[in-house]
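Here's the structure, in structure tokens; my notes come after.
We just call them A, B, C and D in the order they show up, numbering each chain from 1.
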Amino acid sequence: MQIEVKLFALARDLAGRKSLEFDLPPPVTVADLRRAIAYSTPALAPLLAHMVLAVDQQYATDQTQLSEGCEVACIPPVSGG
Amino acid sequence: MQIEVKLFALARDLAGRKSLEFDLPPPVTVADLRRAIAYSTPALAPLLAHMVLAVDQQYATDQTQLSEGCEVACIPPVSGG
Amino acid sequence: MILLTERPIDVPEVLAAVQSSQAGAVVLFLGTTREETAGRLTASLDYECYPRMAEQKLAELEDEARAKWSLTGCVIVHRTGHLELGEASVAVAVSSAHRKAAFAAGQWLIDTLKQVVPIWKRENWADGQSDWIHPGFPPDAEPAVAE
Amino acid sequence: MILLTERPIDVPEVLAAVQSSQAGAVVLFLGTTREETAGRLTASLDYECYPRMAEQKLAELEDEARAKWSLTGCVIVHRTGHLELGEASVAVAVSSAHRKAAFAAGQWLIDTLKQVVPIWKRENWADGQSDWIHPGFPPDAEPAVAE
């Protein structure tokens, strides 16, 4: 399953790119994707523990199942306002 | 002692004038002045029980002593804002 | 800064007076003329005040708010005279480094202003009648007018 | 109404969008760029957002506020891109028949926005360094930056 993960703010700076691409065998949960991110991009590991993943613009838990074509993003701690 | 009492809003409308004048023998307290107002201007009596008197721009109690030249006003319940 | 004025309240000027690069938070409250009060239609309002005491009480409110909270700016403006529907009768603006202080001070200022500052509102009803609004008087009046 | 914009926030327009003769109370919150954060001087700020999710979360905030309180108007505007000192990064404006609802909704909206909307601030310090602000990360960072 093709998954693109959007990166923002410090996560993008640490990874040196705006998104990460993965091809993982289904079924894939957010927890699976977290492990793939940590493995592929060690520079993100310290921040990853502080990030929530969003699936289709909603905050997800480790148990959330990913589906083909869903939109995934890493959300570091927010500081708007 | 000459005392002028300013009237506002419904108090002024009920009395039909902007102020009341009294000449009372000192010492004069706010309670004395209230009695004089009720006696001289019966139209104000129902509202008078709901009014606070202000002496020199500060809310006064019945015990407050009036002094020569002080500024006295009847303050009906306020509705600013 | 406090002001009683017969002219329309200049809201951008009120905001400019409290904004500062020291303050991260600005809270503005505007009280505006409502068309309907307890089911009755208003055509316009008149506000009267006891000018010398109203100014003194407003200045005391600013002093008390600055003593209670760490404020960068504090402006209270109350309109007097004749107001049409939708016009602002009062503006309270505060700024602070922290938004909690700004919200708390803004709310305290308008709540306390409505309790202690000698200003009175007359509702000119759409049906042609006019009434001074004195909360609690007459004792059997509708209670909704002071909000 | 919600808006993400790279242009300066038009505050009079925000206020006009919530004012109404049905609403007696308007509360506006402005968050502005502070010169000093925990003793360090800021030269400017950049805000980045995840546009699609930020818009969705802002719209959810408006819906939730309208469900919790009886509001006449509700506008949330967040600036993105580059901001100079003193500029407003966020404006929240609500109107209601009653001021308690307007204050409560305004405070809840800005508090919740700061917790859930995917927007990030980068401080461009006066000393030339730049830092993304991620409250709680790194774990030993100064805690004062998120206020």
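What we mean here is this: a contact is a pair of C-beta atoms (placed from the backbone, for glycine too) under 8 Å apart; a residue touches a chain by one contact, two chains touch by 3 or more.
As the structure is a prediction and not an experimental result, all values here were calculated from the model.
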{"item": "Inter-chain centre distance, chain C versus chain D - centres from mean C-alpha coordinates, in Å", "value": "25"}
{"item": "Centre-to-centre distance between chain D and chain B (centres being mean Cα positions), rounded to whole Å", "value": "49"}
{"item": "Overlap residues in chain D, where contacts from two or more other chains coincide", "value": "31, 110"}
{"item": "Chain-level touch network, classified as line, ring, star, complete or other", "value": "line"}
{"item": "Those chain pairs that satisfy the touch definition", "value": "A-D, B-C, C-D"}
{"item": "Complex contacts: residues of chain A adjacent to chain D", "value": "6, 8-10, 13, 46-47, 50, 54, 57-59, 71, 73, 75-81"}
{"item": "Chain D residues within the chain C interface of the complex", "value": "11-12, 15, 19-36, 85-86, 97-99, 102-103, 106-107, 110, 147"}
{"item": "Of chain C, residues touching chain B in the complex", "value": "31, 47-50, 52-54, 56-57, 78, 89-90, 110, 113-122, 132-138, 145-146"}
